[in-house]
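Several structures are given next for inspection.
Shared between the two complexes below is chain A, which has chain B as its partner in the first and chain C in the second.
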Partner chain A sequence: MVHLSSVLLKQYHGGYVVLRLALAGHNQANRPFYRIVAAFNKRARDGKYIEQLGTYDPLPNIYNEKLVSFNYDRIKYWYGCGAHPTKSVAKLLGLAGFFPLHPMTVTGAERHRAQAAQMDASIIKDEEEEQG
Partner chain B sequence: MMKTQQKAHKNTTKRFKNMATRAHSHDAKKPQFTDPAVQDVLSRITGLELQKVFRPIKRELKLPSYKLMTDEQLNQAINNASEQAKKLLQMPLVLPERKPIDDVLSEDPFLAGMDTAKYVFTDITYNVPHRLFKCFQKFGDVGERDRLVQVYFPKEGRKLTPYHIFKEENLKMVFSMDRHEDVLDLCLVQFEPDSSDYIKVHMSTYEDLDKHGKYDLLRSTRHFGGLAWYLVNARRVDGLIVDMLKRDLLQDAVSLVSLFHMVHPHSESAQEAALQQATGADLLKVRLGFPYNKSTYTIVFF
Partner chain C sequence: MFQTLCGRSIRAAQLCARRRAVVVESIRGRKSRNDPVAKSKEGRIKMPPPVDPVEMVVLKERFTEYTLIMTALRLEFREELLRKKYEAEMGSLAAERVRKEADEHRALMDWNRAENQRMLQLRMQRIQKEKEEAEGKELEAALELEQKRQEFIRIKEEEVLQLQEEAKHFITLENLDQRIEEALDNPKNYNFAIDKGGRVIKQTVLK
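For the complex of A and B:
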């Protein structure tokens, strides 16, 4: 199948190619596993895609690692064809070093830190109240 | 402080070639395992006992087939069998230990606290022979890389967590049962030739064999060359030579001694042999005149 360039894609399909996370295998509740996929924008998230470019496992394994894989060669191809990455894919690629860091990654980290600090402060306050 | 640390791994074949050339430049005169002369000697010492190489192994049950052959066809079949045996007896590589690659590509303290888990990124491009491997947080050693390579590019027979048999206590038990060969085969499947686990297991196996003098267990298997090379490098060939002489393998003993002199040209026996221009049984006499370990043994020369 010939992959059309972005201009022709827009005219023919009325949409564009997107690199996004698609849930794989709806057979288990509470156990997500994503495929990083090049698909048309209008298709269902878990529906028919053009090509699979990698995987992302959001739950950490016994060594406390989240495994992500990318097929950089094909990602380069699709990005060259005018595909748009979604926010999560852009964040992952930024962490991997393929894209520059997504600004929301930094903001997210700061928010996490603020929340953790707040939690610590409230725990300390509770302990003091218990003692006093 | 959290670090983003990334390791880039190059092509394995390139890496092995680089290691070989680097080793060569350090001691250019010292023969390596892969030298054709060394390989020739080691394959000769290994022997070609067809009965042992093609002994019954556990495999799928098949009815035996009977063929009626002339003498010529029988000889042909035996030749084919020895060719096949030579392929089966191909020696696995002996490589120095791989150093962990610790390239920190970027450290971002402003990303601290982002997530409790590490991120591991793998490159699954089709034509890259060995994959780019990056991780989010500080990684340790080679073992983790091997595990992740097995996740994305699984090899048959390998497990993600290594077999329990490779632990020290279990190894001792297996050695008491004389199953060194099985351990070494399993080790070959599970580990890469340059990982520390592989080298450790092989070392403990060879030490145990040397201690008990059970060299015959590995004769006519693909691990004999590795054993001989290890003993030659550790300068402890005496036990092996004695064993060979006991089994009347004079030629093998002579080739082993010549290999020893090739690898250690500055040892006393090598210099003595060079002085006397000794070959054959004379070489053996020269070598046995300089025992390296203090164990006493008596040999009757005829």
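For the complex of A and C:
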């Protein structure tokens, strides 16, 4: 069975399939954990999904790594069937190398670099003023 | 349609339930749509964040490139999907698989038929045996019944003969006087004594 976003499915569900991050496990406060999930657009974020395609842990572990997992085969399937990835999922996949790098990742990095350069310049200027 | 209970609505529900004026945590969206604007925010005009035109041009170009690559990828994945589907249904392996499945099905059906035949034979034998046993029992029952009937007849005949024998000694109208005379002439003494040892003493004081 091919999960096509066909006219019938659209009529019934009134939406399309998205690949997004769903918050998992509300049993602990201040400890988020996301599942990368294929779900219908109109469903609740944490509600019933069609299939789980991976995980994302936003808090870094003891080796300062943020762990992500993907099921590339199924992601290919859903993307081929016409699923829309959300911004965060697209960014993650871009960083993973499966999709091209998201423009906002690059732009964000450039902005951050510019800000850091400006901060350094201002610090250097302050130091020069103090010395002189 | 039905929104899940998030922090906001839980908090709101709690406030309504317990009627506290002070909100302990800071939640977004405390005010409803029709609530008046605060005095400190009277003349406020919300402006969108500033846009750098150079950056915007670069970004637009990057986005067009990105969407191009993404649509290309999508079409490629779709093609791969369809090819796999086609391969699964029409490929060289698929026909073999279908043939093997058909063979297996046929073999299983034959085995099933053979099993059914075997069970049929066993069943027939069992039924035959049961029938024979039933017949044997029926015969036996008939014989027993016949025997019982014969026994009954014999007993009844014996009783009839015994009665006939006793009839000879009955008292009738003709014998009446004679028998009375005889009885009066021979008085019988039915008294007797018996002790714990079982010794019977027929001799009594009465004559």
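FYI, the second predicted complex is superposed on the first by the 106 of 132 C-alpha atoms of A that agree within 3 Å, B and C clash if a C-alpha of one lies under 4 Å from a C-alpha of the other, contacts with A are read in each partner's own complex, and residues count from 1 in each chain.
In this section, a contact is a pair of C-beta atoms (placed from the backbone, for glycine too) under 8 Å apart; a residue touches a chain by one contact, two chains touch by 3 or more.
Computed from a predicted model, the values in this text were never measured in an experiment.
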Clash or fit (per the criteria above) of chain B with chain C on chain A: fit
Touch count on chain A, higher of chain B and chain C: B
Partner chain in contact with A:95 - chain B first, chain C second, else both or neither: first
First (chain B), second (chain C), both or neither touched by A:51: neither
Chain B versus chain C as contact partner of A:105, first or second or both or neither: first
Which superposed partner A:79 touches (first chain B, second chain C, both, neither): second
Minimum C-alpha spacing, chains overlaid - chain B and chain C, in Å: 14
Touching both chain B and chain C, residues of chain A: 106
Chain B partner contacts - residues on chain A that touch it in the complex: 54, 60, 63-74, 92, 95-97, 101, 105-106, 108-110, 112-113, 116
Residue numbers on chain B that touch chain A, as the complex places them: 4, 6, 105-106, 108, 110-128, 132, 134-136, 144, 148, 151-152
Residues of chain A defined as touching chain C within the complex: 2, 44, 46-47, 76-77, 79-82, 99-100, 102-103, 106-107
In the complex with chain A, residue positions of chain C that touch it: 3-4, 55, 58-59, 62-63, 65-66, 69-70, 73-74, 77-81, 85
